[in-house]
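Paired with chain B in one complex and with chain C in the other, chain A is shared by the two complexes that follow.
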Partner chain A sequence: MTASVETGADLVAPLASRRLARLRHLDLVGLVITLVTVVGAVLWAFPLYWGLVTTFKPEYEVVRPGVELWPQHFTLENYAHVLLQTKIGLWYVNSLITSGAVTIIVVMMAAGAGYAISQLEFPGRRFFWWMILASFMIPIPALIVNHFILMSQLRVINTLAGVVGPQLIAPVTVIIYKQFFDSVPKDFREAAVIDGASEFQLLFRIYLPMNWGVTTALAIITFIAAWNLFLWPFLAVSSEDKMNITVGITQVHDAFGVSYGRDLAVAMLAAMPVAVIYLIFQRRVTQAIMLSAGIKG
Partner chain B sequence: MLRSKRSEYTTAAILMAPFVVIYGLLFVYPTIKMAQLSLTDAPLIGAGKWVGLDNYYRLASDRLFSVAVWNTVYFVILSVVPSTLVAMLVALGVNRLKGWTQSVVLAAFFLPYILPVSVVFRIWSWMFDKDFGIAQNAVQLFNNGQHLSIFRTIPLFMPAVAFVTVWWLLGFNVLLFIAGLRNISTEIYEAAGLDGASRWAQFTRITWPLVWPVTVLVFTINLILQLKIFDQVYLFANGGRVGATMVMVQFIFTEAFQMNKGGLAAAASVVLFVLIVVLSVVQFQLLRARGAR
Partner chain C sequence: MSAVAAKNGEAAAPHVELRRVTKRYGPVTAISDLSLTVDKGSFTALLGPSGCGKSTLLRMIAGLEPITAGQCFIDNLDVTDVPPAQRRIAMVFQSYALYPHMTVRQNIAFSLSVAGQPKKVQNERALEVARILQLEPYLDRRPAELSGGQRQRVAIGRALVRKPEVFLFDEPLSNLDAKLRVQMRLELAKLHADLGTTMIYVTHDQTEAMTLADKIVVLDKGVISQVGSPLELYNAPANKFVAAFIGSPSMNFFPVDIAAINGRTASVVLPGGRTVEIGIAAGAGARSAELGVRPEHLTVVDPKDPAAAFAGAVAIIERLGNSTILYIETAVGQLIVEGEGDLDAKSGQTVGLRLNQSHARLFGATGATL
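Presenting the complex of A and B:
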């Protein structure tokens, strides 16, 4: 890399023209790459679109051969049917309650533990920190048998509390909070301590407000993960009335009879909350995902 | 001074308590119990007698378990390798775009990732539906003009589920790659451009070496994630010949919840647990060696 050192005016002109020639050449290749990327994006999104558009078609159109990208007779009958004739409303409420509870408990618990490990001196602090770091890798699905046994012993199988329980293991959330609290400048702390603030005031008045964005990001991603979880809610609940929406729509399939439009309408309703959350909070969601993968962004 | 120290301990105890209680009750205790259960012949609920390592010996000779292990490995290969490679290509393409086009294109690749697995299952059951699925138009070309029930054809099952999984989870990998690409300063490319380095040379000499740590990260995260595969395989196989497409978590599920063999299921859980912990340690060492963290 030698060319960038000389700054003589006579060098600039040929350099610029060479650069221009390069750019023109690059543009053609670049254009092809861009085109491929855009076509790829369209293909990638197509199954989503196709699933969605099918829900707006009457059943006879759904099973008609040929590819119709827009319904001839736009109808909301599929949605009306599943909303009125199935327990989807109840499943929605169950999902909201359990995912909401998981989110609130995990965030509060992690903020507290993260703060204590980051800012306080107490015996066992390092021990807890190493244990949390080590459990970054725990495979929750390997624990299903013993989670089930434990939840039965606690008599919460087939209840919403039983669904929430094992989802509360969240070492990653603690790790992220600890890292963010670590990077709050010490000056804030010292000033507040001189003013006589207690540790709780420090946490709630300084550390949490200063990291509001992290809390939002973690809350959103925890909620999405809880909403989407399948395996544990599927094991923990057997009665239709206690099911989450992600489980309900796969387990109570036969009740609808075979109807593609209705099956998909129910799926779209199940996906709606997380899709809407993502589209509104795109930035926060991506930030949270990077954080939980260990990349600070 | 002593007073403030003590109050600091009290505060710490209050703040740590919820985490420690939940962590102990829902992680440490079940893990210990799992190891214990794996050494007994207990049913799912109830006591059993001590049988030593019998369950592990039985696993070693259990045909279904070896099918489950091989299917899991097969699925991991089918899903992790393509999703890492495709994600890198997509990230390179998306990274060139600017402004709102980039947001829209990225969203198109990312949106499937935030969907619940049951929704993904519904969408792709419909896409591949034997009678009316739109993807059958493509299937016909390879099947003498006949429709084919993809998820009921055993040799096609794992590749098809892996394909759906790649579609579903690609967005996550793309995000990680884009983060990696953004960390490369544009000055390096400018300098290389002035030196007359070709696009290909820029990729092999600059982009690839600098993105390599991210590739290792993406690859290992996916590897560990896909070893825990259950949801998609269970949903797509439901109602078919489940035994032939069994994976490890599904084996645990079947033995515990359908065969009522708690001890054997716990032994299989321990195997999976150890496997994933070992891989995670390897991942950690790899990343540290490469200086990604």
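Presenting the complex of A and C:
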């Protein structure tokens, strides 16, 4: 009896110490990972924090040397100025119209194109598919001069339509739709065909509703991307009344030049809807980013 | 012939007819020069192993698969190039193909809805169909909230609501568990008796075909092997393929020599040296053949019994309650024997087998029944 107890203790001791060692080892790795993540998060979040804090500082505090993490004199003057003295309301409306139009048109077009390429047999189907694949391998900024010339020939420069136009090129959205439609079992299609459904009914009553998740995810990231876009709206529009909120930031200056506090206040206000959308649809946005990342490789 | 046709005093008219139909996929021929008629109001099963072309045949009748050569008629109308929706057919798929985002009601009424029927009509018809199929309590549920059997019924309901001329079933019960399959089989039989509509049913399960159909079409590699009633196929198979495919457990086959042929009987020498007389219809001049005998036509007897045609050792015993299946190792290979439920046998025991020769069949070198 005694002997067996001793044996047991002999066995337990090294086992315990080994387990402890393993635990310590795990903890260390966990600690390092946590630290790296925290440092990363701080590095990522600090500019946002810095921007936000700056909007509550009077301009002389903003421009004086040194790092001040908190405003000495808290003020809402920057917000008051941009909300009352600029056309920010109009810019918001313009952003809403252009981003909304881009979202709706892109989703409808991409769903239609994705459906056609996935489900219909027509001459040139492969050619169109390769065109779409090829077109997303060319970065949009490389085409921006061509876009400008095209839009100016269409006489839509300096209009909201001109802002929307080139943003409708969305090959990735088509590719994602095509892949989702490909994966719908063909029995659904055949059952509906026997029931007398037309191609439009098939798309709008079966294929799209069966993939609502994808549509909402794609709509959200298309909207966010259109809302955040700066370069093209900046080039396409020169009159202040037609500007998006991102471009509007460039207009917030007075006789004394640029005021950083005010600029950042517009930027914060511009980012707010996107932040809200992101917070509400967090899961969908992540899903959409993963979808498009999967395709972009 | 269907009950309805008989009631109306009509002769069975071909309702669906395939004339010299061929289907090729590139260089592969799936169906070759096949002709088939399906009587009005009949329940016809297309039976065969996977890859025999039975689903392709059904899909060609449905219009989902273009016909490479030949013609398809429904109700004496050439529908070869008519789109599926205008053929007045309805199809129930193996996967049910229920739209997951729609309720049972919407699924059932889908065809009416795409045809632009008013909501009121859609609701009435959906309710009517739901009543027939006992789906009323589930009308507002989605397919994901239903059991397998209920989904199956919704799929049938979706077909029913169109009031089709012909029902097409593509292995509709194969996704159900054994017990539910038996239950749904009965419901389908009842549905056919009630509606009297022509039904064409694809299956690889011979029990389903035998129990449901009044006519079975056995397909092998894209060619019709035999068409007949379930008992015709069972008792008088046209060839070895049908003989082997119909019946469970499967028929036993072994090679035999033919000693002499006298008109409609052949004297066959069994491997043990014993001679038996087997009825034939063809095959004069054949010297050797394969003898086919169903498990229930072999009887276990004492090995010393003078009537015993073979002797062998019991390898495996399967007790099913109402019957006993024995796998017996004999000089001609393993033979399957079906006996009484309380059959007295032990594994390893040597037994004699008596052959019920009036039920045995001879198959020639090509596989055709002699």
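Everything below uses one rule, namely that the second predicted complex is superposed on the first by the 229 of 297 C-alpha atoms of A that agree within 3 Å, B and C clash if a C-alpha of one lies under 4 Å from a C-alpha of the other, contacts with A are read in each partner's own complex, and residues count from 1 in each chain.
Rule of thumb we're sticking to: contacts are C-beta pairs under 8 Å (C-beta built on N, C-alpha and C of every residue); 3 or more make two chains touch, one makes a residue touch a chain.
It should be emphasised that the depicted structure is a prediction, and the values quoted were computed from it without experimental measurement.
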Chain B versus chain C as contact partner of A:231, first or second or both or neither: first
Touching partner for A:278 - first (chain B), second (chain C), both, neither: first
Chain B versus chain C as contact partner of A:197, first or second or both or neither: second
Partner with the higher number of touched chain A residues, chain C or chain B: B
Partner chain in contact with A:206 - chain B first, chain C second, else both or neither: second
Chain B versus chain C as contact partner of A:47, first or second or both or neither: first
Which superposed partner A:168 touches (first chain B, second chain C, both, neither): first
Footprint overlap on chain A, where chain B in one structure and chain C in the other make contact: 198
In the complex, chain B residues that touch chain A: 5, 7-9, 11-16, 18-20, 22-23, 25-27, 29-31, 33-34, 37, 44-45, 90, 92-94, 96-97, 101, 103-105, 107-112, 114-119, 121-127, 129, 131-132, 134, 137, 167, 170, 172, 175-176, 179, 190-196, 199, 217, 221, 224, 227-228, 230-231, 235, 238, 249, 252-253, 256-257, 262, 265-266, 269-270, 272-273, 276-277, 280-281, 284, 293
Chain A partner contacts - residues on chain C that touch it in the complex: 62-64, 83-86, 89-91, 93-95, 97, 99-102, 110-111, 114-115, 158, 162
Chain C-touching residues of chain A, taken from the complex the two chains share: 185, 187-188, 190-198, 201, 205-206, 209-210, 212
Residue ranges of chain A in contact with chain B within the complex: 1-4, 15, 18-19, 22, 26, 29-30, 33-34, 36-38, 40-42, 44-45, 47-48, 50-51, 54, 62-63, 65, 67, 105, 108-110, 112-113, 115-117, 120-123, 125, 128, 131, 135-150, 152, 165-166, 168-169, 171, 174, 198-200, 203, 224, 227-228, 230-231, 235, 245-247, 249-250, 260, 263-264, 266-268, 270-271, 274-275, 277-279, 282, 285-286, 289-290, 293-295, 297
